[in-house]
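Chain nomenclature is as follows: A, B, C, D and E, assigned in order of appearance, with residue numbering initiated at 1 for each chain independently.
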Amino acid sequence: MNMRVQDLTVARGGVAVLEGVSFELGARRALILRGPNGIGKTTLLRTLAGLQPAVAGRIDVEPDAVAYAAHADGIKAVLSVRENLAFWANAYGGRDVGAALTAMNLDDLAERRAANLSAGQKRRLGLARLLVTGRKVWMMDEPTVSLDTASVALFAGVVRAHLAAGGSALIATHIDLGIEAEVLDLAPFKARAPVAGGQMGAFDEAFE
Amino acid sequence: MRSLLRRDLWLAVRAGGGFGLGLAFFLLVAVIVPLGVGPEPATLAKIAPGILWVGALLSCLLSLDRIFALDFEDGSLDLLATSPMPMEAVVAIKSLAHWLVTGLPLVAVSPVLGLLLNLAPEGYIWLIVSLALGTPALSVIGAFGAALTVGLKRGGLLLSLLVLPLYMPTLIFGAEVVKRGAQGLAVGTPLALLAAITAGSLALLPFAAAAAIRVNLR
Amino acid sequence: MSIWEYANPKRFMQTSGVLLPWVTGASLICLLVGLIWGFFFTPDADKFGSTVKIIYLHVPSAMMSISAWMMMLVASLIWLIRRHHVSALSAKAAAPVGLTFTVIGLVTGAIWGEPMWGTWWAWDPRLTSFLILALFYLGYLALWEAVEDKDTAADLTSVLCIVGSVFAFLSRYAVLFWNQGLHQGASLSMDKKEHVSDVYWLPLVVCIAGFVLLFVTLVLLRTRTEIRLRRLAALTTRERLA
Amino acid sequence: MRSLLRRDLWLAVRAGGGFGLGLAFFLLVAVIVPLGVGPEPATLAKIAPGILWVGALLSCLLSLDRIFALDFEDGSLDLLATSPMPMEAVVAIKSLAHWLVTGLPLVAVSPVLGLLLNLAPEGYIWLIVSLALGTPALSVIGAFGAALTVGLKRGGLLLSLLVLPLYMPTLIFGAEVVKRGAQGLAVGTPLALLAAITAGSLALLPFAAAAAIRVNLR
Amino acid sequence: MNMRVQDLTVARGGVAVLEGVSFELGARRALILRGPNGIGKTTLLRTLAGLQPAVAGRIDVEPDAVAYAAHADGIKAVLSVRENLAFWANAYGGRDVGAALTAMNLDDLAERRAANLSAGQKRRLGLARLLVTGRKVWMMDEPTVSLDTASVALFAGVVRAHLAAGGSALIATHIDLGIEAEVLDLAPFKARAPVAGGQMGAFDEAFE
């Protein structure tokens, strides 16, 4: 069991957006988070990644198992593709970047400055970062934004290989990736309005 | 860790000459003050220690908002926060990088600017010593301010407002060292206080800054 | 055949390659003759002793640093109007040379000021605008460095150069508008020879010629280097794309 | 046009108190200089005109990089460039907005700071006049510098390097007006020159800045 | 004829990326630009929008007919949704923002600060801007990034209405929008490498 989430409530801007989210994510499994814009996918992923506290509920995950890929790729424009990747590889303990570059079809661009990449090429670089983390649980927020069909397929292949190697993946996306995965529809977990019994921030509740 | 230091230095050097520009600003302050104040050598000699320290402080200040802001904007800070590096180490290393590209060069060129401002000959050695001892504090205090303001657009001025009061003790004792040194008086007390401030900020502020960043990220 | 043909890099490389040895030689001869004549075969001044001989370094280098900026101004305008790359590159090539002359002018001026005026530095209009010009050289170079795309950099630095030429003109002509400054006026103009007697004047003219030729030499050399660097970059790109 | 002005003012006010911060920085400079230089009233009175002008200049400078940078980063500048507004007007309006949130408040509070720095009583009126006349030039020159550096990361220091030399004439004549005014001398010449600089920069620099922005966007 | 492009060559970073692009875009017509990541869609659109000069070729378009929507949305985080839109409406001559808000389903969010929008909501706001420009030719760079299926359909409806009103649209996208449109595949226009007779920058050519 790589990750278990129980009855989680997450909030943004002091307002609960999702409540009662529970799921389990085993090794070799992928879970796709679905839901309309604004339902709270990003908020959920940031909470799971430890960037913001949960309002209620439990998150069980091995320490140092999670690698998170956000909307923004954290790419330094003045560094080359290889340098960008090498930095993250070092931060996560010095894995080899060559394999990651090859896997995301970045070999030809390795010495190019990241400023001179197109939107899709940047995104491929952002995804290659996951490969050098060596982490088991990949959490990705709309990873295929700006990617063309070929790159989406490439990415799906990379995720499949990661799963096959015992990893797991949690993916928020609007499009079909062609990965065999469970789908978790977040719509039913939409937080009730406070008047209907939903949760507010702790401070606001203290007034009740 | 070392890779972060290397990256930050590299970014500073490549993206528009980090080194040169900090220096250039210091130089410019040392030049515009006489322009504004007037050229009489006696007046200049008198205010030189204070102005040089104010110049050093302002040129640190100008580059502060970039310590974390760039990483925040492109999403690196989120990713660093979820990486195995402790945020305290990130702050410490980024302050070190800031000092290496801003503080250290200032120390090195300060004697030249002393010349422009007519500093008394006895003052030079104390100018160097006090800057070498004080600028690390400026960097780490600045990193703390930058951490507090990291998410805010137009944080630059707010940052100055938060940081300048914190800079004052460093400024006062630093300038005092030079002033006394230039007059040939004993500098022991202000120098000791300056060292204490630097040691204290180096020991404590990275933790405060790391906490502030974590809060700002959520 | 129009003069603009020399703006073709290939043509420029050929022509400058032929010219270069000659200007180099001429500048060396002028400098050697002028400086040796000036330093060793002119009398000391009545009041100030041998310090007066700094004139042979100070005046030519100060003049050239201003003239260099004006040359950059012309080259920038040509680039902006006619888009000849060689012209942009020659402006870029001239900047470090001009900066060096400016620093020499500042340092020799300061050294000379100590005996003449009793101070290393004064905030007089000519001196001040000259110092600002030096800072402009720094800014100009920093801007070239900071911008990655070379054509963009050429455009931006050209705009900066145009704005900065205000200070080049000021440091040459400020003395005409203000008379309260410390610094000498136009002591070299032909009709005002009373400022400097013939003994000093003749070697000075040779020195100035030498500095002009030296400037031409260095700018030609550096422009050739810049062109080669651009070519190298083009070839690398080409190879990468192939 | 008016909507751009309104938006920029609004953004300055909402995003971290544009007004307050420019002022606060000015205030801080006026406070740290006596700290650095020492408190003797005679020295302070002597350097007050210069320091006040230097303070005004630096507090303009600090907010400059935000004139276009924020709009560049979030893509608004691209969209503005393809909108029906001419880029020259955009530059002019953004300079105006910058002056309204930075320069104008400085003019208003400068007398108070004159007090802090022991300015001679005759000087106050000239301090206000010279700042009112000179700060518009600071804003528009600054906008030119900001336009040159808009695409560059860490443009802040490069911007200072480019802009400070251009500020010098304004500073020299502005401070000269105050200095002479404080001593009861005639201020005609420097005041006329100051006005000339302002008029000249207002007339020419928006065009240069617009050209620079267009180049930087490509 | 709203726009005619003849034999256009566009370059990025001094290197030609597309050459010989020609097309016509009539009233009531949409043209979809396709091509893998990095082929030069963004570069082409920026050139057509007048943000960068073309290396060669002609672009004929009525003056003041084009509205351009880039990868970035130009949204001010501290302004509300309505204020953001009102600013652009004013810049383009003062159209009413209410209709645009309704069309992009932003009514409920109108008074929300843009900082508190989710990725897809921000994108909807960015697209609503096109509606208040009143321009005939819409040029859009991957408009549906981050949008969920419902929003994509909403957007397709808006484009269809624009076309029906005599407008035209030029859309770079990787996904299927469900709009009846011609497709221009950019792959055949990929610039040849300079060694194979392709173009370099003017300066670099002077050496040959």
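Rule of thumb we're sticking to: a contact is a pair of C-beta atoms (placed from the backbone, for glycine too) under 8 Å apart; a residue touches a chain by one contact, two chains touch by 3 or more.
Just so it is clear, the structure is predicted and the values come from calculations on it, not from any experiment.
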{"item": "Neighbouring chains common to chain D and chain E, by label", "value": "C"}
{"item": "Far-end chain from chain C, centres as C-alpha averages", "value": "A"}
{"item": "Pair joined by the larger number of C-beta contacts - C-E, A-B", "value": "A-B"}
{"item": "Approximate Å spacing (C-alpha centroids) for the pair chain B, chain D", "value": "23"}
{"item": "Geometric centre distance via CA averages, chain C-chain A, whole Å", "value": "58"}
{"item": "Distance from chain E to chain B - Cα centre to Cα centre, in angstrom", "value": "45"}
{"item": "Residues of chain D touching at least two other chains", "value": "11, 15, 152-153, 155, 158, 161, 164-165, 168, 172, 218"}
{"item": "Residues of chain E touching at least two other chains", "value": "13, 71, 77-78"}
{"item": "In chain C, residues with contacts to at least two other chains", "value": "128, 135, 138-139, 142, 146"}
{"item": "Sites on chain C touched by chain E in the complex", "value": "8-10, 83, 85, 149-151, 230-231, 234, 237-238, 241-242"}
{"item": "In the complex with chain C, residue positions of chain E that touch it", "value": "13-15, 193-196, 198, 200-204, 206-207"}
{"item": "Footprint of chain B on chain A - complex, ascending", "value": "46, 49-53, 64, 66-68, 70-79, 83, 86-88, 90-93, 129, 133"}
{"item": "List of chain E residues in touch with chain A within their complex", "value": "12-13, 35-38, 42, 71, 116-121, 123-124, 142, 145-151, 174-175"}
{"item": "Residues of chain B touching chain D in the complex", "value": "12, 15-18, 21-22, 24-25, 28, 31-33, 35-38, 43, 46-47, 49-51, 53-54, 57-58, 62-63, 65-66, 70, 73, 152-158, 160-161, 164-165, 167-168, 171-172, 175, 179"}
